[in-house]
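The structure's right below; bear with me while I get my questions together.
When the chains are written out, they are named A, B, C, D and E in that same order, and each has its own residue count from 1.
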């Protein structure tokens, strides 16, 4: 396997033997990929002007597709040119476990008779993994561009499942935090809004990928023959599953948010109720004290020796009575 | 009926006679299922490597389908291979009545000329039931793989109706609890959120099953001939009914939740109103007491012998008056 | 017209003459319905085993359709068998005006060359009405199974319009009650939740009926010829209208509920505001009284003869002032 | 132009000349409309039994269409009979500017070879306007039933735009009122609920009109030839625009309502906050007054000559202090 | 390049040479555009009666399209006439950075064999830009009406991306303001409602543009040949991306609004809770003061020299105690 800065080229010969094409052998690509039963895979990382020229001249890549390579941030899509299929898809890059966030890597794939070109801008777990397996057992991985394309796409889709599992765990955590929370503030809402934004953006990335998988199945492409059709059907099924789970998570997040609002508003109100009940409970003895603070000349209780302790007793009793009354009514 | 650890094989001979194939007769399967009017049903529980090899070699099961058997947790689907249909579906396993929850069992079915293979991982009520009926009256159950497939799928779908009835009862219970509740807390919301999650997951499981039933009807499969088409239509109708009921339950649950939020918020507010009214009622006599507690030298009432009882009377009257006034205004 | 416990059989002869077939003439049905231009209508109430046998033997009703007759509670549907159409539909049974509720009656119809069989389990206003008109003027009602089928279905659909009018009135009543309500409690919410459940269930019953009407139009059935197609189009239009109205009612109910929540929460809050304003108004004179209740030796006002009346005056003025201030700020 | 109570009949002769057919000439209709290049337009207001007979006998109107004329309140629709198209549509009748409400007029149109029949029950702005233009410059308006039909439908749709402008203005008014409102009550909500009901009903009327316009384009009708197709496309575009605007208005109304709820609830709460702050502010000096109202024998401050003024000063300072503190915390 | 008040006409000759047609050369248009390999681009700003006549006579523009030019405010659309395609689309006009608002410019395009006519009413960034590039390197921009049309539409769509970026920034700003806000009032809600209205109107403008792009692809137009199809596919993809982002923004705005409501309601309630707790804290010492203000003759504490300081101490301790208690319970 040879590296010219950023290019890797592998060729599977008809017998199943694998040949690594070094920088000087690149002129052979053209010859090899036109021979029957040869399969050439060229992988380019962060293409520069040279690479774009190579793609244009050797692989007749369409100007629009080249423009897409320069602009990046494309929607996942399948563009059908005369002799070539061009796909854009996204894979999950090493997600940082700690803060539950993720990053997506863009992947452009060009498939034609006898070759696949993959272009990416980051260290791609998908390409590394498929490359490793292809180098070890080329025949088990792919004999045609169609099956190699499937293997790459399938590895990319499989990367979403652990991400979804982490999201699901994270939402359950949020749900628990939410039901336990006493107050709703920016601190509680910020992670929910962020998670919602993540789910929305993930859906926006994945939903066109499903359309691409469907287009691969429906359009009558030479790439997808009868033999490989079940594999692409499988790919489509996986994407549907990913999207189903995503929608489920979104629904659960929405429910959790609603529940949070009502629980915290309820908690606050319950505290208010209790505080106000306290107020009432304190006002009763205050009134009694006020009564015996009146300056009427003829208030027989005042001169009684037991007046004071009895008054205190009545106050205590009235407070306890009010508290018990409120407790019973569940107002306290 | 013979058991090799986990395999059961039944064969219906053309005359309608049923033959149980023991472990040593398994090599006959291949012969039998290719003969016209023979119907072989092989049922495997928790397939091991041997079983997978058998499926691959004797039934030419596609590598992707074998992979699905190993991975499990597939979405319900219908995969069409050259000579074989592969179905994944879910059945309700013995639901535990007590806590209204349920468990679903995964079922993989392979149907081809003259045979059905069913694979499952738990004690399956569906397979047991259809197996029992098939052993008793083979002809009444199925003469072709198509009708046997229908019988199994139909039994699986029928298992959802009691589950839905239990869910419906549970939601009515929740609704009653909710309208009676005075407060909304994690205790009230947790079962609602759990129920919602259950309904969402049940929908996610059933909705692809409907698509499978539809695909069986729409695609021109040899499995579904003119004679068995009404049966598959019936299956499809049942699944639509199940999903309709599910959606209805979900709508009712949502309404109940909304109603709960408003009722409890209303109850809380009503208590607050009452407590605050109490405060006002207590403040009036407190003010009066305050007035007669003033130290002005010239306050004629103070020296009157009736001053004190009259003051108390005025206090009592003012409290009652305020209470009556608030009651009339419906503030109390 | 002859009744064998629960069967009624009418036959329209080619000349337009109507013949009632008694229990002993039932063997003639087979002959009559096969003759051109004969139209036989057999109506069965609450079919027993005998009736099911009759349907199976004389009308070759499919086992699945017989099963449906035994199970009941089917979704409205159109099942197409080789020589026969089987329809399930629902009609409104005598609704009890008083409590605005309704009951639906299930209707199974079998249509084939020269005959219609109707099966129901209750006194059916639809069947009675069409039967009466058919007996009076057979030709004006129907000459073919298709038009008789239309007449029955049309009468069934027409029964929904008065029900919808009652629902509409009921929702307007609820809306008025709701906007007038001061509090939201189980008493207000229970009828709304019940109405919502009714609307959801009605929609669930009617929506497949629309699909049936559409299927009658779209599928190329011998039952629906060029001449009767406009009638079935009309039926479809009516069902669309019913469903449109239903959705409108549901939207209005939802708006009314939302409005209710906000109005009552608003009312409650407004009362709270007023009560709290009362508190503040009472606290001002209380403070003044407290000031003159202080025991300082040098408080010149205390010895003034006008001190007391002036203090009372200041209290009164402060209360009125606060009240006016709050009133102006719209806080009171 | 002749009027037989409620009929108006105009005929465009091949040369472009216009002839008004009086009551006695009605028998000529039959002759004229069958001649090539003749175009007859019969307009009937509030059809009576005679008119219905005329329609049935001279124009072979289908019994179902006649029934629709008697029943009225149909959904907008296009019914295709053998030789005739029957359309139901709705136009805006002179809307009363003052209370922003509107009334819709039902319009039934019958189109066949050489004629258009229009039936309505009120003074129709659409029919009057098109009639006036047709009488002035028949050729500029229509030479075929198709273009005359388009002209009538187009005039009817154009009548919705001023209505939508008024609704849009009304909603902006409501929005302004809503954001300015301090309280939400039946007075604020009633017009919003009414507006919502209006929008829902308008949508329910217009949405089938769009389907009719689409059906005119899609179905291969002799009425809509290549030459007039762009006109019907234009009609369809207008209806889409009307519906788009309607949905936009509905969304804005919903947002406005939500905003209103939150603003008024916020206002109420802010008042509560302020009132409660007042309470606290008043309680501080009350406590101080209470302290100096205690009857302890040894309270040095009491005998100080400056005690009283200092106490009053402390009270004032404490009140101002609390007010400032609350103001800073934005609690007041 | 010649300007007759408001017309600019550029012609690309077969050799690739560009010719500017002055007002006197306009009669040549007709000749040129019919010659093979000629491409004429006529651009008109704010068309007057003369321009409309020119369009009608020289370009056979359909009366309906002319009417659209006079009426303006059309929905984006593609009208197919016999020899001509007519498109209406909208571009973003120089958006004023300051207040985040934007203005859209209407663009009518007519495309036929050998020519494009563009009509607009404002200084159009799209037309200026494409015009500049076309004058500089005609061949790089377009050789056929189809590619020129694509170039114009693509430039128009590209103008939406910076607008969307600004909207996205603005919504993030709003989100931050919202989560930080303590109160919800017209001041907070007005910009949200305005932003929502903007997004709704933008969607209403863009959604038919996507339909136009799709129609260009799907309908079998001579304008869009195999060579230019990928370009129109690209245009369609861009519009889908714009709409996707728009929907995402709308979802985020809705979430932000909901979050705002709950945060501010929560803040208000938390303040209420704290204020009410203050009330309770002040009531405890008030009660104590009331007790020692009572006039009982036998109150031993009163004559104690330490009575007063101890009473003050108890008051202080009770206040601190209550505050600590409430703090612990998180009520304060």
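Basically, a contact is a pair of C-beta atoms (placed from the backbone, for glycine too) under 8 Å apart; a residue touches a chain by one contact, two chains touch by 3 or more.
In this text the structure is predicted, and so the values were computed from the model without any measurement.
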Count of contact steps on the shortest path from chain C to chain E: 2
Equivalent interface positions on chain D and chain E, same or different at half: different
Averaged-CA centre spacing for the pair chain C and chain A, given as whole angstrom: 42
Rounded Å distance between chain C and chain D, as computed from the means of their C-alpha atoms: 26
Overlap residues in chain D, where contacts from two or more other chains coincide: 265, 269, 272, 276, 279, 283, 286, 290, 293-295, 299
Residues of chain E defined as touching chain A within the complex: 175, 179-180, 226, 230-231, 233-234, 237, 240-241, 244, 248, 251-252, 255-256, 258-259, 262-263, 265-267, 269-270, 272-273, 276-277, 279-280, 283-284, 286-287, 290-291, 293-299, 329-331
Footprint of chain D on chain E - complex, ascending: 62, 64, 74-75, 77, 79, 81-82, 182-186, 189-190, 192-193, 196-197, 200-201, 204, 208, 257, 261, 264-265, 268-269, 271-272, 274-276, 278-279, 282-283, 285-286, 289-290, 292-295, 299, 301-305, 307-308, 311-312, 315
